[in-house]
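Look at the two complexes coming up: subunit A is in both, with subunit B in one and subunit C in the other.
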Partner chain A sequence: MSVQEKRASAGAAAEPVVVTAAAAAATGSSGCTASSAIARALIPCILTAIVVAAVSSRLFAVIRFESIIHEFDPWFNYRATQYLVSHSFRDFLNWFDERTWYPLGRVTGGTLYPGLMATSALIWHALRKIGMPVDIRNVCVLFAPVFAGFTAYATYALTRELKDKKAGLLAAAFIAIVPGYISRSVAGSYDNEAIAITLLMATFMHWIKALKQGSIMNGAAAALCYFYMVSAWGGYVFITNLIPVHVFCLLLMGRYSAKVYVAYNTWFVIGTIASMQIPFVGFLPIKSNDHMAALGVFGLLQIAALGDFVKATIPPRKFKVIMLVSIALIMALGVAGLFALTYAGLIAPWTGRFYSLWDTNYARIHIPIIASVSEHQPITWPAFFLDTHFLIWLFPAAIFLMFQELRNEHVFIIVYAVLCSYFAGVMVRLMLTLTPVICIAGAVALSKLFDTYLDFSHTLTKDAASGKRKSFMQVLTRALVSASFVYYLYLFVHHCTWVTQSAYSSPSVVLPSQNRDGSLAIIDDYREAYYWLRMNTDYDSKVASWWDYGYQIGGMADRTTLVDNNTWNNTHIAIVGKAMASPEDVSYELLKQHDVDYVLVIFGGVLGFGGDDINKFLWMIRIAEGIWPEEVKERDFFVNQGEFRVDSQASQTMKDSLMYKLSYHGFPDLFPNGEGQDRVRGQVVRSSDVQPLDYFDEVFSSENWLVRIYKLKDQDPEGRELSDVAKFESAKGTKRTSHKRPQIDLRV
Partner chain B sequence: MLARYFRLVAAAVLLCTARLAAAASREDLAARAAKAPHGIIPLDDFSFKDVLDGPRDFYIVALLTCTEPGVGCSACFEFNPVFDAIAESWVRDHADGVSSDDPAKALYFAKADLEDAQAVPEIFKFYSIERVPRLMFFTPDGSIHDYHLLNLPQQKSYAGAAEFITNLKMAVGISDYNVYQPRDWSTVIIAAFVGFTVVYLGRKHSAAVSAVLTSRYVWALAACAFITLMSGGYMYNKMRGTPMAGADNDGNVIYFWPAEFQNQYGIESQIVSVIYALLSATFVGLVVGVPKLEKFYQGSASGATVVAGIVAVLLLVTYVLFAGLTNLFAIKSPRYPFELVKISALLAGL
Partner chain C sequence: MAPVIPKKKSAAGKEDIQKDFTEAISLSLESYKKQVRNNPKLRLIDIFCCILVAIALLECSFVALVQDNYPFNAFLAGFIICVGQFVLLMCLRLQLTNPFQGISKNKAFGEFVIASLILHFTCLHFIN
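So, the complex of A and B:
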């Protein structure tokens, strides 16, 4: 089967599902009483189809490329999973990894969320037990699609509680194929978010059920799902705050009831104690301010319960006085206590990431390491539309309709929607948590529309009140409205399939590109370079690179790195930043102090790949400047009022920096007359701009020069400075090795 | 012969004293600063060389700005009060401009303002300034030509003053430079007035206020407006300070940044938010409004036609807006294949 055919089939699998779901809404409404048996049989079939669509639309990456782990963080998760299946769980929790953050090492077992790895190890063991020895890589690659199927079911169950099964089916169909969720759950995207969204939906579903029924069992189930979530993703703080805010809103609306009391207390007590069992979380739930809202609402609820009791026993006038006095007292005491505890250092202040959500300038000024991550940037409007298509304009309407009913569970969705739309606007990655509520709200709204307009049952039977059949006009309007929205649904399916296959199915380890004739070309420089490292360097050699590539080097090349994507130690990252930003002799000494053998840089100038190290260079400088403001100055890298140039007009500091030399070493010689065309920056780099390397030897450049690896020269046996050695050699007239131009076709 | 020689010597002595007199002393500058508002020495055509000429034993921060409305330098208007606050903070503790910790260090502030395009101050020509605002930093022992350009603070207003003072403290090497925020009485008065009005009206019309505050529709509209604003990418504009609109190569105004997925103009999110709001409104009309209308017109034949007409209009509006939205999206993402066909194109096809 060719790629195109498979693509078509994956799209085709997704298409009918939504339409079937819409049709099911119709049959469901017409046959609720008459043929509920048919509905009962249809619903499992539709759900199965939805799950199949959810899984298959996530397989583009496997079909077009291969079964491979994507991006950066998944490589760490994969490496940790490999460690878990080859060691015991106890070893895993006590894992000290000395092959990252050299020479510090990382207490990996205590600083990761083990839920993801534990789950896939469990699946791997279970499959072996039933006689299916699957490679752990395949378990990891297919993990996200399978859990997306579970998410679809959890969303169905959640939406069913809000309206009915019809809306539930629509919501499940939406979440199954909506790009905003697919973006983080394609096959190979083996990241914490892959399982977290499933657990998010499951927690909320149980929470709503517990609230509706005042059920301890559902409250406990919500707490268990919450515990699972805590073990899998740092974003659990979202639940920790959303549920208290929901309860707080209910209290403000005067909706205190025994059901609220039971549900919240069960969830809070079990959930908090359970979450403290995760080593990385520890005592945070009672110390960190991120969790204070949950604790505060817990206390408030006890007071509300007491107030409820007092109210029932004394006359209302007295109760009012008691209430006012006690509220004032409690607020004063609470605020004073919070300040005192924070001041005494007993409870931690909010974390940096949390601040950057509220004070939008905080990160840019105080923590460049957070601001530098592209996931933490604010989001533009096309991104919202790309991720949710027409659901984005259905969303406000849906929230408006929720206000019309406004049961407790609707308040939950409203709070979720308002809070999360703000968070997503501030930080791109939180689009992931917004997407489910958009799907749920959109499904509820659309299902309301179909309840009214897709109901043709009265065209056949006579109207009971007037004894007349519906007029032709009424039937026509109903058909028109239904048809136009079914058409939008049809467009939605096409949009989702297109976005998934064009935007979200690239592994980013392997880059897709086009040859001049339009055929697919695969740029595999990363794996080529990492494999070279694996095969040609000593097992214990240390590789310095910018932190973005730390996990990949650890996972694919299996070499020790100085810094990686964990970014737990800003100073250590700044060391690498300083080495890259300093002149060669300073960098050499710094790198030698850290036992570095190889330096790896990503250079996109030949290929036209924008995400290379020169484009990230400013962040390296900024982070280094944060630690050594006297030695690294951002201003020195600019010319004329903040221009960042790499050609002959570049500042001298820029040209002297190690990053510049390593990136452009030998680059101009590839071109006629030594005029190198940098295809990313669109500037001309001449041979005269690039000073020769005295302290480093080029040992490897990948096919398209995307990855370049340099070895630190050994110290001179006669004790001279290496720059003096180079001067001496060039005076003797030793020729430098010349470079061959790589054979690359122009790619569009 | 002797007389001629004497005259020459006299001229030389005169020149020397004139030269010495040209370089201002600390006392001189302190006196000038004391006379001027905010303690900022004005750099007019006659005095700027006296003030800035070396040799000197103090630091000068000079601001070249432009408040001529025709120039429209918004950065100047924004920075001027900040500069006033920076200078005032220094002068308040150091009337003579001398640091009390380290008497060897002294600091003065100066400013030249291009207020009238007809009369450009000499200093602008002297330094051939083309861009404003300019912050020039003169260090001791330099001549009138030796200066560094300072960056404007990145943050606005009071935070900007604090940021600048921190940097200045480092550059000069002094520690006794406190930040004083000029008290802005107008905000206090406005806050007091608004607070009083709110409390007064709230007491007087408490029933109406509580009706508004507990009204479902007020909250619903507020929540929907907020969500619409956020999904229009408002936070991006706020955090990045994007320009309202841009211009293409021919200088025409463009409202949508073409083929730029990661960037947007301010007006884009306004347009898109309005489209979302209208689409949502038509949808609510279809779900809530139309069934109510049907009930109202129940049993009348003409009523059914009216309802059908309204539904048709709502559907048409939805289609047109959605088509517009997909077309706007296609501007941002040129390879997007699923644009809805414009109604005009549909009619042309017929």
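So, the complex of A and C:
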């Protein structure tokens, strides 16, 4: 462990203790000016400490591994950012990328959320201006931790509006180190969510402020934050719906006021027109159903304002009749209008991603491409605890406390909590939006608890007046409760640090593993292979791989890919799926049609790496079957018992498929007697199971065989089928060159 | 809200309700007139609102007339700026008639100007 890392955990560990001390100081100081001045001075210090903890606990990844971009999507963001800093902003927005989705290309500039890239490019330029020419990669890597610091402040400001500064500080400390948020914001995880959560909190903070004060200014600020959010993350739809639902609840509760009117309308009008400035969003805010709730509430508020005006002039009994009749009329009209517009095709139909929010099985049945993404799976119970620790059981208590007070802003948190709890249960990635509200709610509950139980001033001063025994009991109970919760805080910090360093700090481009003596070994096969591609292949060569690796190939190897993580064209993905699932000759034909030069597969059988292509193979088959049900049949890949096998019992279709051949080519020969032990699936693959490759040449396999690259053979100069050539050659008895390992000298 | 739009007639056709409605409308109009009579600022705001509504209607009718909304962004910007400015004026009006706690009339006006500037800038950007 390096010094820095220790400091990171130490900083994180110190946090709640500081916060608790501050809470205690603030509690004890009610009324006393001297100590309130201390509290005032303490708050900035504590906030600074929290920000430092937030940043430093996210640096595990950099310290353990190196300053590297993680996972898949960040590689695209990184590549786009590189493009942005080397071109003008106008070029960036008009960027047509012909090196992805070959031969279609992708209108990248119009199909991305530019907020993230624009921000980092801005930071990069600003740093250069003040004489600090930092590499853009470092800006990108450290982007998420820095914005996590801002998130902590925004959460503080938001929670302050809900309860008080003490709760705000606790909430900031929680959000700073809670694993549910860290999972998406460690250093190197350069993804849209890194900035989006900050903006989510900022928008909500301004929204609550606007609602409380009825200030146009805060409404406009909320709209600007919302605009920034729209520019950064597709999840902005969450805000677009949450705020209207909140206002709608307030209206139903009979809480209409001029302040609600001012806050909502300012936010809606400026926010909507501003959100249309993002090319990818375009006219969606007035066309898609996702945005209709906001529009509906906007109209409703106008009516409510009118009603409010009328209400003041006529007797309440009559007003009630008028109100009911008008509401019924308006509802009928509105619903009819919505249906009419949807059927007339003026409003876009509900999107598949939206349906999968309501019906968990929708995606699995209708859209395999959505279901195949691991972050779209439903969440598991332990994940809640892993991601939020003890806050998860403070959370319901906090909601109960909010019901007791139930000011407008509490309604907001309740609505947020209910909606998000549901959505997080449906889709694992939405845990990210649930985490902030859990932190806020947990902080409110805990600070309420501390208000009562950490307040020893009462028992100390009135000692003489009341009975001695009673005061002792009071002190004891308070001490017990406080101590147990301080202990929970300690556990929380411990848990967060542990989860962060063990679960969330792996870049997944570089895999950690252990040597026999327990020391850390780094498996760097991905970069080895991508670098090989970069150095040994033609700049224009096309690489076919499953879409998961498209962004990485684009980012690290800089080669043209057929499909990538953008997944905008299901058919194109199905083509690759079909090529992988078909027999060699069919695949060869198909791949040649798409000008493919190299095929890249990920194979974890040697290493025991579970996320390899054979395990993803079923999705490829399913997606291909969705387009060509005649040619690819999922059933054929199973053996009789409905099992998915790769050993000698595997089905013939499986053994013939390109994916199987590419993965296991030469694999059994690694082992004595030609009995290859697949360490992922725990099955034995024999040399007799793996047919020789006729149409492909192995050109590269990485050190642990994790990445295997094959080259498509050139067509036979004599015009024969390549399988016939192979037959002819073997009949002739010439030994085909089968190199177990690619020649070392190929690597540079 | 200022320009009182006549409420929808009840389809049920109950005379009671109809009477209630007419009464409500006349009463509201009366109190509105009273509110505006001695307050030139409110009158100014209301006239501005009327103009905005007129412009929005004009734009819509033009689109209906030429049967095409080709530079849709331009139309949208023009339309939304009317709606937006109208709504912002309403906000200002609410704050002027019934100042909120902590926001004086002058502050409200200042905030209104800033919000309007943001709105206008975005719409100008959207028009291209």
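Criterion: the second predicted complex is superposed on the first by the 691 of 748 C-alpha atoms of A that agree within 3 Å, B and C clash if a C-alpha of one lies under 4 Å from a C-alpha of the other, contacts with A are read in each partner's own complex, and residues count from 1 in each chain.
The working rule: a residue touches a chain if its C-beta (ideal position, glycine included) is under 8 Å from a C-beta of that chain, and two chains touch if they have at least 3 such contacts.
Only a predicted model underlies this, so the values are computations on that prediction, with no experimental measurement involved.
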For this session: Have a look at where A:684 lands relative to subunit B and subunit C in the superposition and call it first, second, both or neither.
Result: neither
Problem set entry | Greater residue coverage of subunit A in the superposed arrangement, subunit B or subunit C | B
Exercise. What is the contact status of A:259 with respect to subunit B (first) and subunit C (second): first, second, both, or neither?
Worked result: second
Exercise. Which of the two partners, first being subunit B and second being subunit C, lies in contact with A:400: first, second, both, or neither?
Worked result: first
For this session: Classify the contacts of A:249 with the two partner chains as first (subunit B alone), second (subunit C alone), both, or neither.
Result: neither
Exercise. Counting only touches as set out at the top, which of subunit B and subunit C does A:85 meet: first, second, both, neither?
Worked result: neither
For this session: Would you sort A:213 into first (subunit B), second (subunit C), both or neither based on which partner it touches?
Result: second
Exercise. In the superposed arrangement, does A:269 touch subunit B (first), subunit C (second), both or neither?
Worked result: second
For this session: Report for A:93: first if it touches subunit B alone, second if subunit C alone, otherwise both or neither.
Result: neither
For this session: Using the superposition on chain A described above, determine whether A:322 touches subunit B (first), subunit C (second), both, or neither.
Result: second
Seminar exercise, completed: subunit A positions within both the subunit B interface and the subunit C interface are none
For this session: In the complex, go through subunit B and note every residue touching subunit A.
Result: 151, 154-155, 216-217, 219-221, 223-224, 226-228, 230-236, 238-240, 261-264, 268-269, 272, 275-277, 279-281, 283-284, 286-288, 290-291, 294, 298-299, 301, 304-305, 307-308, 311-312, 315, 318-319, 322, 325, 329, 332-333, 335, 337-338, 340
Problem set entry | Residue ranges of subunit A touching subunit B (in the complex, touch as defined) | 360-361, 365, 378-386, 390, 392-397, 399-401, 403-404, 406, 414, 417-418, 421-422, 424-426, 445, 448-449, 452-453, 465-466, 468, 471, 473-474, 476-477, 480-481, 484, 488, 491, 494-495, 498, 502, 635
Seminar exercise, completed: Per the touch rule above, subunit C residues touching subunit A in the complex are 1, 4-5, 7-8, 10-12, 16-17, 20-21, 23-24, 27-28, 30-32, 72-73, 76-77, 80-81, 83-84, 87-88, 90-92, 94-95, 98, 100-103, 108, 111-112, 114-115, 118-119, 122-123, 125-126
For this session: Using the touch rule from the top, collect the residues of subunit A that touch subunit C in their complex.
Result: 213-217, 219-220, 223-224, 258-259, 261-262, 265-266, 269-270, 272-274, 276-277, 283, 286, 302, 305-306, 309-310, 312-314, 318-319, 321-322, 325-326, 329-330
